[in-house]
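Each of the next two complexes has subunit A plus one other chain: subunit B in the first, subunit C in the second.
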Partner chain A sequence: MAVRRLEAAALDALFGALRRRGYTLVGPTLHDGAIVYDELTGTAELPIGWTEVQDAGHYRLARRDDDARFGYTVGPYAWKRHLHPPALRLWRAERDAEGGFELLDEPHDPPKVAFIGVRPCDVAAIAIQDRVFTGGAHVDPDYQARRERAFIVAVNCTEPGGTCFCASMGTGPEARDGYDLALTEIIAPARNGQRAEPSYLLEVGSERGEQLLAELGGRPARGDEVADGERRLAEAAGRMGRALDTRGLADALRRSLDNSRWDEPAARCLACGNCTLACPTCFCNTVEDTTDLTGAFAERTRRWDSCFTQDLSYIHGGPVRVSLKSRYRQWATHKLGTWQEQFGTSGCVGCGRCITWCPAAIDLTEEVAAIAASAQARASRRQARVAPSPERGTEAGDAAATR
Partner chain B sequence: MAPLVSAVSRTADPFVRTGKRPTLAVWKFASCDGCQLTLLDCEDELLAVAGQLDVAYFLEASSATAAGPYDVSLVEGSITTTHDAKRIREIREMSGKLVTIGACATAGGIQALRNFAGPDGGPDVTAYAAAVYAHPEILDALPTSTPISEHVFVDFELRGCPIDKRQLLEVVSATLAGRKPQIPSYSLCLECKRSGAVCVMVAHGQPCLGPATQAGCGALCPNFSRGCYGCFGPHEGPNMPALGDRFAELGVDADGWLRALRTYNAYAGPFRKEADHVERTRS
Partner chain C sequence: MLQPPADGRFAPPPAVAAPDLDPMRTVPFRVAGLHVDNEDTFTLELTPPHGYQFAPFKPGQFNMLYVFGVGEVPISISGDPDRPGVLVHTTREVGAVTRAMRGLRIGDAIGVRGPFGSSWPVEAAEGRDVVLIAGGIGLPPLRPALYHVLARRERYGRVMLLYGARTPEDMMFPDELAKWRAMFDLEVHVTVDRATGNWRGNVGVVTPIVKRAPIDPRRTVAMICGPEIMIRFACQELARRGVSPQDTYVSLERNMKCAVGLCGHCQVGGHLVCRDGPVLSYDQVERLLDVGEV
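The block that comes next holds the complex of A and B.
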């Protein structure tokens, strides 16, 4: 499918086309000092001319000197909020006359939602949660229903943020698949003091997406326009605020469970769980059973939980992961290491939310890099003992012999 | 302190549905009455509560009282007098389940600030009483304000200043059903993030006690763009020194950090220890 070029007004047409098909629109908008994803009634609610500054434990809105609609990176909340809601009633039951109970129907009938402005990292995150919730033998019916009714409008990233590292994780700054439509916003420089309206390059990722094309206007993009978009995305890949070397990382983490370097993030970690709830792939949840005052009704609710709570690892006798060190290590090694074995992919997409929204400003890329470097150094030392280099002479050889 | 054995059999658990409603008593110690009012504030659910429980003793609601023993006692307030220290033992004796409600009952309350006064730490309770009352000599105040659990065995502690209505109904429902209440002990941040609030610490640079505070209020203050004041006390395992460092980076000096810790839950373990440390080490 050829790339098309759209004017800014095509966004209005897109919103209209989606709404006519029964979609509720959820996309970026300003709220309480941040760009969050919330229900949109029109394109005027997009964060036009706004961006943000992100760093470890730091987020501030900032004005842009253009009218970009998507001139920010990612908001505090991932799209999982709309696919794996923070609280979900799983079932209800009523006491019956015989002293038993009867299950009451709990419909899984979520609305059709169009996600507007899903970043490539978040597109990848949705694909990861798809595997978690629907990839195995036991499919989560609620997630599946929401997912099937979600229309994804991805927006590629030409301006990565301060905590972004999607290029390291291979998830961005361009979405490869997993979307219905993908836009690249092209900002032209101001002319004669007049701000130029952005234009868009559009790619189609699904049949559902293609069905909308006739209503969006625009024209086939020229070769130079496509090349311009590609150049912007290639440059963006080189401007990531953070980086993470993933080569051999899972293995290095596996060999680093007893590394004393974990003490450093543990000393700063607040056990607040913000990283996991902001993370677009973390899926831990807890299930709570409650009864009402009369004892005639019971219900089961699933809520977002976090591996940073003691309760999550509570088994008979007490929690398994008592120390903060064990909890931080569990999260980091699962996310970047054992997730591979469990789901065949890394659990990290490089969106940077865990770094930005950590109130203690702990930087996952920094901590993990230090752990990996330490594991590497340890491995080298071990190798040096086993196979002495000529410079080290017999001293190292002796050490190897006496091990 | 060793738990006192209740006069009422603990085997009434869950309450056998004999047609007779379990009796409820609500008690007040040193407190503001706000937590008892939370029970009266359960307007939509009050009839259901009264339908399941025989409210036998609740002076805030009615001067008509029935003699104990009681199946369930809700206790508000802290122990600040010798008379109250004796009275809570009597109440324990005649209560099946004893649930403490609110920061005063669970941590000593704001009045536990007196606990930090003393020979070298500033004025003590005598000095405070002299400053406040015309005739302090008629007072019979202990030098400390202490939580109920320092005096008698407590079946469940419900946090908050004041307590949360939904949590109170959950504890009552759970007690009636003989099950564990679904009252989490993790950090407020989980509730905050679930609620969809924007983190005031990260996005506004505001100091917030949420990362050290137990969930329960539904992240009320952060949802109004204010940092958490710690009304629900420390969560299951807060890292107080680390949060103190973060407050300092946000421009809060040692005095400010101390004031943040010494409010309604000043006497609760982790808040108390951190504040004591700050007091000892500040220049």
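The block that comes next holds the complex of A and C.
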């Protein structure tokens, strides 16, 4: 399937084609001073001409000097709320006359949702949650049903944000798979003071996506147009706001549980759980069992949970992870280390949300880089002790060996 | 890239699971027996609803037990794996759910999900000496392993149970302990932290018992369950005596909400205790237990 070139009006056609197939459209829109994902009725509700400035603990909307529909990166919401809802009733039960109870059969019919404007990091995050919820011996049937009914319109990133590091995590700025349709927005420079309408390069990732093509118009993209899109994405990869060296990182974290460097983020962390809520892959959840006032009906509700609470690790007698240091360490080592052992993939996609939305401006890339460097230094010291180098005995060698 | 990957790795899952495959749906069993073991521990015997087939369990596995409207907790199975028609659970009253559980009467319903988790290596231990080390309420999760071994006694070398409790009154299954102590092919060593009444046995923690026990490190497979601090000291003592950490198995306790690897609560490093445990070999967890708060 060749790349196609679409005019801006094709977005309206896309919205219509999806709606005709019964999809509810959810995509980026302005709300409360941020770009969030919410139900969309038309393309006019996209944040046209808006972008955002992001840094550690910092997020501000800003005006663009063009009419880009997708001229920003990611906001505080992740798509997980549409696949793994923040609160979900798992079942209801009714007590019977003989001291027993019965689970009630309820229709399970989650909506068909089209995700509009899924960034490559978030496409990768969905693939990670697929592994968590549907890749093991036990499958979460609610997630599976929602996932099956989701249509993914990815939008590649030509302008990374201040806390982005998808290039380091190998998830962006171009979505390689895991979508139904993928767009790259091309903004031409203004001419004679007139803003140019954006155009789009379209790639098809599934049969479902291909079935929409006839309704979107456009034409096959020319070679120079495809090359222009590729160039913009390659340049974006070089302009990431953050970077993380992942070579040997999981192993360094595994060896660093007792590293005193964890004290530093722990001293700043407020245990608010923002990072885990904003993270597109964090999946920890809890269940609540309740009854109604009569005691005749009971139900179980699943809710998002966070490893920053003490309750998450509570066993009789008290929580396992009492100190904030142990909870921050759990989050970071799980995300970038032990996730690999549990699910065969890293738990981080480099979207930067945890950095932007941390009220204490703790930067995951900075903290784990410091831990990794410290582990590296420790390993070299150990090596120096085992096999003395020729410099050993000199002042510099001694300093390095005892630092 | 223009085509979906050939291996379909990121393709949406194919089908909607039927509700009866939902691992979070509990099955109402009935309380067929309830025994108070001592001041704060009790044993429940549960029978399945008519016609319900439940999977046989392996020694060391656990179920999620649900009291209507109160909550659900993971509790290891303490019964005989060779008698799969009835589920036996022994637990201590430590919170709202176990308190409500103790208030149940014969015939009341209790929700069951399971069995879940890994098991004691009773088959791999054939031909070897078996050393069971239990602390307090750690004896019930080991009892199915002991039942299994005693039922096939000829397949094992020496079999030893080292058991420590807070006081003589806190000892679990005192009648069975007396029976086990009388068996010529099972060595039982018990100790209490605090002697009361007319106790004439050992006083002190279980570690010195491990130190003195007649263990042949090359032949031994050890299985340990109890408070985490006791597990650590017992494992360290076994290691000092030359028992390989790969031959030393521990059962870990962690918070669990789903029991099927989907909720994240029971992580210990790279292990999900519900999925990879609760029984893990000491070499898998030694470093993690030493660091603490993992």
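Convention: the second predicted complex is superposed on the first by the 391 of 403 C-alpha atoms of A that agree within 3 Å, B and C clash if a C-alpha of one lies under 4 Å from a C-alpha of the other, contacts with A are read in each partner's own complex, and residues count from 1 in each chain.
The rule is simple: contacts are C-beta pairs under 8 Å (C-beta built on N, C-alpha and C of every residue); 3 or more make two chains touch, one makes a residue touch a chain.
Given the structure is predicted, the values throughout are model-derived calculations rather than measurements.
Peer 1: Have a look at subunit B and subunit C on subunit A after the superposition and call it: clash or fit.
Peer 2: fit
Peer 1: Regarding the shared-chain residue A:Arg60, is it in contact with subunit B (first), subunit C (second), both, or neither?
Peer 2: first
Peer 1: Check the residue A:Leu270 against both partner chains and state whether it touches subunit B (first), subunit C (second), both, or neither.
Peer 2: Only subunit B; A:Leu270 stays clear of subunit C.
Peer 1: Once the structures are superposed on A, label A:Asp130 by its partner contacts, choosing first (subunit B), second (subunit C), both or neither.
Peer 2: A:Asp130 contacts subunit C only, not subunit B.
Peer 1: Just to be sure I read the superposition right, which of the two partners does A:Ala34 touch: subunit B = first, subunit C = second, or both, or neither?
Peer 2: So A:Ala34 only meets subunit B here.
Peer 1: Would you check which partner chain A:Val287 touches, where first means subunit B only, second means subunit C only, and both and neither mean what they say?
Peer 2: Touch partner of A:Val287: subunit C, not subunit B.
Peer 1: Check the residue A:Ala150 against both partner chains and state whether it touches subunit B (first), subunit C (second), both, or neither.
Peer 2: second
Peer 1: Give one of first, second, both or neither to describe whether A:Arg321 is in contact with subunit B, with subunit C, with both, or with none.
Peer 2: second
Peer 1: State whether subunit B or subunit C is in contact with more residues of subunit A in the superposed arrangement.
Peer 2: C
Peer 1: Which partner chains sit in contact with A:Asp224 here, subunit B, subunit C, both or neither? Use first/second/both/neither.
Peer 2: Neither: A:Asp224 stays clear of subunit B and subunit C.
Peer 1: After the superposition, just quote the angle formed at subunit A by subunit B and subunit C, using C-alpha centres and rounding to the nearest 10°.
Peer 2: The angle comes out at 70 degrees.
Peer 1: Pick one for A:Gly295: touches subunit B only (first), subunit C only (second), both, or neither.
Peer 2: After superposing on A, A:Gly295 lies in contact with both subunit B and subunit C.
Peer 1: Minimum C-alpha distance between subunit B and subunit C after superposition, to be given in whole Å.
Peer 2: Superposed on chain A, the two chains' closest C-alpha atoms are separated by 5 Å.
Peer 1: Show me the subunit A residues, by the header's touch rule, that subunit B contacts in one structure and subunit C contacts in the other.
Peer 2: Touching subunit B in the first complex and subunit C in the second, residues 289-291, 295, 305, 322 of subunit A appear in both lists.
Peer 1: Can you list the residues on subunit C that touch subunit A in the complex?
Peer 2: 1-5, 9-19, 21-26, 28, 30, 66, 68-72, 92, 94-95, 105, 107-109, 111, 253-255, 257-258, 260-265, 267, 269-272, 275, 287-288, 291-294
Peer 1: Which positions of subunit A touch subunit C when the two form their complex?
Peer 2: 1-3, 90-91, 93, 95, 98-103, 105, 108, 127, 130, 132-134, 136-141, 144-145, 147-148, 150, 176-178, 203-206, 254, 257-258, 283-287, 289-291, 295, 298, 300, 302, 305, 307, 312-317, 320-323, 325-326, 330, 333-334, 337-338, 340-342
Peer 1: Taking the touch rule as given, give the residues of subunit B at its contact with subunit A in the complex, in rising order.
Peer 2: 17, 45, 48-49, 51-52, 169-170, 172-174, 176-177, 179, 182, 184-190, 193-199, 201-205, 208, 210-212, 225, 235-239, 242-243, 245-246, 249
Peer 1: Which residues, counting only subunit A, touch subunit B once they are in their complex?
Peer 2: 31-34, 36, 57-60, 76-77, 81, 86-87, 267-274, 277-278, 288-295, 303-306, 308-311, 322, 324, 356-361
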